[in-house]
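Sharing a structure below in structure tokens format, with a few things to ask.
Chain naming follows the written order as A, B, C and D, and within any one chain the residues start at number 1.
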Amino acid sequence: MDVLLTDDERAVQQAAAEFLATEATPVLVRQAERAPDRMSHELWAKVAELGWLGISLPEQYGGQNLPLSYLGLVFEELGRRTAPVPMLGTMVVAQILARHGSPAQLALLEQVIKGDLILTYAVQEPDTRWSLDAVELAGRMDGEHLVLSGQKAFVDNIHTAGKCLVVFRMSDGSGLGLALIEPTLPGIDATDLITTAADAEAMLRFTDVRVPAADRVGTPGQARAIALEMMDLAAAFTTAMMVGAAGEATHRAVEYAKQRNAFGQPIGSFQAIQHMAADMTIGVDGAQLLVREAISRMGLGLPARVEVAQAKAFANEKCLMAVRMSQQIHGGIGFIAEFDQQLWYRRVAAWSLRCGTTPEHRALVAESLLDRQGPVRLGYDQSLQDDAMRAARVRS
Amino acid sequence: MDFEFTPHQKQLRSEVQAFIADHMTAALKAELKDDARGSGPEGEVFFAKIMARGWTAVSWPKEYGGQGGSPMDQFIIEEEFQRVGYKRIGGGGTGAPAILASGTEEQKRHFVPATIKGEISFSQGYSEPGCGTDLAGIQCRAIRTGDTYVINGQKIYTTSAHACTHIFLMVRTDPQSKRQAGLSILLVPIDTPGITVRPLWTIQNEPRAPTLTTYGEPRTNEVFLDNVVVPVSCLLGQEGDGWAVARRGLNLDRVGAWRYLISVMRDEDIVNWLKEDGDRNATLRADPRVRDKVAELWIEGQVARLMTMRSMSISQRGEAFSYEGAAEKVWAPEHGVRATEAISQILGPSAQLLNGSPDALDDGLFAHNLLGAFQSTVNHGSVQVMRDQVARNGLGMPRAGR
Amino acid sequence: MDVLLTDDERAVQQAAAEFLATEATPVLVRQAERAPDRMSHELWAKVAELGWLGISLPEQYGGQNLPLSYLGLVFEELGRRTAPVPMLGTMVVAQILARHGSPAQLALLEQVIKGDLILTYAVQEPDTRWSLDAVELAGRMDGEHLVLSGQKAFVDNIHTAGKCLVVFRMSDGSGLGLALIEPTLPGIDATDLITTAADAEAMLRFTDVRVPAADRVGTPGQARAIALEMMDLAAAFTTAMMVGAAGEATHRAVEYAKQRNAFGQPIGSFQAIQHMAADMTIGVDGAQLLVREAISRMGLGLPARVEVAQAKAFANEKCLMAVRMSQQIHGGIGFIAEFDQQLWYRRVAAWSLRCGTTPEHRALVAESLLDRQGPVRLGYDQSLQDDAMRAARVRS
Amino acid sequence: MDFEFTPHQKQLRSEVQAFIADHMTAALKAELKDDARGSGPEGEVFFAKIMARGWTAVSWPKEYGGQGGSPMDQFIIEEEFQRVGYKRIGGGGTGAPAILASGTEEQKRHFVPATIKGEISFSQGYSEPGCGTDLAGIQCRAIRTGDTYVINGQKIYTTSAHACTHIFLMVRTDPQSKRQAGLSILLVPIDTPGITVRPLWTIQNEPRAPTLTTYGEPRTNEVFLDNVVVPVSCLLGQEGDGWAVARRGLNLDRVGAWRYLISVMRDEDIVNWLKEDGDRNATLRADPRVRDKVAELWIEGQVARLMTMRSMSISQRGEAFSYEGAAEKVWAPEHGVRATEAISQILGPSAQLLNGSPDALDDGLFAHNLLGAFQSTVNHGSVQVMRDQVARNGLGMPRAGR
């Protein structure tokens, strides 16, 4: 037990931080917000060139195979700079492929690591619940093809992604399924959403979309477990980005308060501002510790659904609190588009609503506490039965 | 202790509601979507009718074109009009009340009736890039030379500068002075040579916020003043007494119908949205967690309403605030933020979808609110400064380092 | 609409405040805590002598027949001094008798107003819910007697009360009933509870308790409505006491902070302390406005169940916050029995749990908002159907 | 970044748990109910066995009787013993760590091994009636005359003064000095003539709080010092350097197993209570509002655990806190208060029933906690001062009026 970073971890974190501080400037972030595909291809190319995409992917495809916690640190830094690159979908799906992909799907990782293949995932549907129970996208087999009909919502970067990992439900009652499909397949209509984050989110409508059977991921029996794993990775990495962004918003507020004067002194000398800064720091630190623990467990193959839920539920509230208080300390500046301060607020506001709301994640935590036998104790393993079984299956 | 409106007040509210039902045409609504100030052709017709009913400047003195009525009547009228998104009511914001309190007879006759008719309007020229909450830090200077002032400096968050006729300008008339001393208020026509107005666009309006969003200003401004020459007759009150002159005006932005409504309308919106038809609405409506949270917010909204009623009661009695206005300015805006964030977590990812987006709820109202609710805790005196005032003015607590 | 006090109201409030400041001293409060019946008979006698018990009771029995809001103000002052008198039960039941009592029961009001008859009520049962749905105390008629069997919990001052208004459920399925019984009847066993408020609370066990039929209150058809009215009065007056106590705790904290020095200045000059005091003030003011509105409506015969629920739900949180912050500002003093500061905290802690918890009251508010037709609007009447019907019945 | 305990640490925890299961007899439990310090006959036997296992003073140097082990090992041992209500573990609170850091070789040899054996124990003599959070206001004086100090003054909240052998006394040795300067630490035997200990009973203990209550001290004390004469050898560190000497000791009361457990145990208790048989338990357990709130508290408890683990990680690496100890001392106690109040509202009126009352839940645990949880936000540095430290030490924010 040592929750602090190792020297190696700190070196990677600092390298990512320095790279992004230089390259993912507010100017670049603003350009991406106005670009048709809401991303910076230049930054994406540099990210790939420096090897960040392969940091926790297998060496045989060009990766560095470092533990998942390293990738988590990179996500914190990406969030810190609100870097406009499609890292979330790409890394979530790449992790799933690395663990569960067919040989052909595994081979895609080489393109991924080079930055030549952007990936994304589609779980939620228009009813917006972050739950596999809400999956209604219908799949049926027709000879060598899977045929999909229905809708997906809140899909990232669909216009730039080369592949999208889709969760569906078999109409024959056999349960859930996953497929890695091309977004350009006939019968897929994408409608762009307009979000507070000014990023690339879309609704997808599937009308008898024919997908080669070989593009399914995992066996039917694994689908539920893999889908949960994908959702956990997405929620955890989103939380890591929120932690980074809220940390930077806190830092900006503190620095602003040190130089902004009112009533004859820096506003940072007022106890009210100091206590806000302390609460921001404490809240963000808490979210950071929770998400690092969750990602660390995922990297070790330990059950982590509850830990992910804890982290996302907490970050939704505390990271939003930190960016909102940063706005407050900045006064009117936070509300004006031409100042940079608002870039962090708008993103964290959106991220706090993605990959599961606070009540949704708390419901899972409550299930782990109240719906199984025996007393509970903080610090003891609290994995859900389901989660433990999944972890066992995934490792095997 | 009377928590019921009087028969007269109930009658007045009914009349205003009936008036709105009769005269708020589809054409006017369409016009207001693009011009919340209501100064388009339909808006002018509507405003003329309101004037004819005697519903402008209700609590202002009759001799200057007001109705000599009670602040509570004015509140009722403002609430009804603002609830339908019509903001050209209430009589001119910062300017005229301060002129009534501190102006010369000539200034009152010149400005007040014209303000009521909408021929004159003021934009508040207080904040500067280097000072917001602490106005005593103002650096914009007006140097008197003979019968004129020559003004140089810069203002920011001058919200309606692009649409008003005058700036209610706080300047430093004594260049040697510090802090509150040596400040003065000048009533400066916006078209005076040397004034440049530059837009500052807010984050709440990309795309355009729907009408009833909490803090729906699409634009505010910076104003640059470069050797602006005005006659000394522009001075409001005594030279060097600007601090006291301005304080009379400021409290009126902190309490009343507008502040109340922007703080609590989301409480009503979420309940009414939950009551709409639809599977999601029904599921959420039945969820005990949602019910508990909505009730919590509603109760907080009731407290905001009652604090507003308290402020109006004090005003109606002609008494001065001890701390009650400041307390309301802490409670209501912070409630608005809590409500916004809690509602977002109830609505889930849809709450990030802005006006014009597929699947946006109520034209993106909740999402735009998420982008702007906190602004109400900053403007017209931050909640931190308001808490200072509650403690010091209301509770007699001492300043640090006394 | 004028939410401020009238001159007459202020005069009554000040008279009560001055009287209680002199008579209900911490010394007296502490004596009562150690007295077997947990009340001060001397203070009770003075309260009666000065006419406070009749303030909102009919003139024909010796009362002053002032609006109920006057009585509400007196409860605020009683709470402000944590006055050890059995006012709550006595006034709640007296109000019910004044509105719904038989001639014989009405005649009791004269004794009540003189201070010769203490009253109390029994609603809750060991399952602790503040709800008529939870009433299981069984009543059956046996000739001219009502026979009661079952339990009640959280009954105030049962050892000093001459009469207790009990809510029961008829075993014949005819619904709820009320009776004004003598606590000394054979078959009633009282067990004292030990509460944080160190006051007189008890559990009652009823074993075939025979009550003369004439002691029933109201007609069977009115029982539910009257019981709700009784519960609303109890919750509202308890809230008024919480408001008074939390207001005094705030006042004490502010005064302490002005004279206590640390770091070379009064701690009251620290912005952190000032902001705590501001939040305490705002919270208590909010609870006060809510409860005054509720009691004012009750006095006018308007539906007020939702308003009472709002006030109690809010006060449970904010008044406890205020007394807790007062403890915080007082530092170690608040934790030591021999200092007076703790008297307020211990009572508000208990009162925040009586007459309905926050979730219970919020559930009623939610019902009024979500379970009836049409849009809602703050400031508009929000009475529950049930409540409106009851008010109509009560007035008729 | 390693969130798993090492095999050694897991093994140690198992061993301690097995030891407790074997040796925590019913007789000892009964004894601990009346004497949480464990100094009765059964307690002495138990303590001797713990000593024999080498589980006292684990992280202290071997040369002074410690085990030379890691702070994390010590945390694990403390957590397990304190979870069963056994508090005589961890090695003496304020005294010995400060002596190890600042004492002479002779003092270390005299005090530290005896502290470990329980022969010597210290009560913290910092607070005075006129100063608590701001210790720089100390007025208790020790005047040096030859080889002795003559002490006069008064201390308060000297919690274990009635049960200890020594006071770890902060005094002003330079009567001309102000603030932090001129303070010194003296190690004063409690039986020195002129010392009077007067009990101050806490509100949490009428009736007696159950063992595992958050802040379960039934009594603290006032200590009066009237011409108390001690030899100069009682001085710890340099004369006038008491501020620095004391600071080393204080952080240890703010973090670690005890502070962690008193802050979070109610999170576990409420979940475990909800899981018990019974209609009320089952109804509440199924209530989505209760489930949501319990999960919220649990997550906050996890943050307290992780902040504790962060503090222990820093300590284990031999690094110094920047702000992390102060952050933990804000978060964990305030969480404890939030949990207490939220749980009360879940449990309803039963949560006001104290130990011995009919219908009290878990011996009144929740009610006693309601009476004492806030105390943890006051003692050993208030959360207000801790926030100051986070802002100033952690974030480099300036003092007012710089």
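Here, contacts are C-beta pairs under 8 Å (C-beta built on N, C-alpha and C of every residue); 3 or more make two chains touch, one makes a residue touch a chain.
Because the structure is predicted, anything quoted here is derived from the model rather than measured.
J.: Could you work out which chain's C-alpha centre is the most distant one from the centre of chain D?
T.: Relative to chain D, the chain whose C-alpha centre sits farthest away is B.
J.: Select, from B-C and A-B, the pair of chains that is joined by more C-beta pairs in contact.
T.: Of B-C and A-B, it is B-C that has more C-beta pairs in contact.
J.: What whole-Å value do you get for the distance between chain A and chain D if each is reduced to the mean of its CA atoms?
T.: Between these chains, centre-to-centre, one finds 40 Å.
J.: Hey, how far is the Cα centre of chain B from the one of chain D, in Å?
T.: 52
J.: Give me the residues of chain D that touch two or more other chains.
T.: 288-289, 292, 384, 387, 400-401
J.: Where in chain A do residues touch at least two different other chains?
T.: 270-273, 275, 359
J.: Which of the residues in chain B end up touching chain D in this complex?
T.: 287-289, 292, 400-401
J.: Give the list of chain C residues in touch with chain B in this complex.
T.: Contact set of chain C toward chain B: 1-6, 9, 69, 254, 257-258, 265-266, 268-271, 273-275, 277-279, 281-282, 285-286, 289-290, 292-293, 296-297, 300, 310, 313-314, 359, 362-363, 365-366, 369-370, 375-379.
J.: Spell out the residues on chain C that touch chain A in their complex, using ranges where they run on.
T.: 270-272, 275
J.: Would you mind writing out the residues of chain D in touch with chain C in their complex?
T.: Contacts found on chain D: 127, 130-134, 136-137, 156-157, 179, 200-204, 206-207, 215, 220, 279-280, 289, 337, 341, 344-360, 364, 367, 370-372, 374-375, 377-379, 382-384, 387.
J.: Per the contact definition, I'd like the list of chain D residues that touch chain A in the complex.
T.: Checking each residue of chain D against chain A gives 1-6, 9, 72, 264, 267-268, 271-272, 274-275, 285, 288, 291-292, 294-296, 298-303, 305-307, 309-310, 312-314, 316-317, 323, 327, 330-331, 384, 386-388, 390-392, 394-402.
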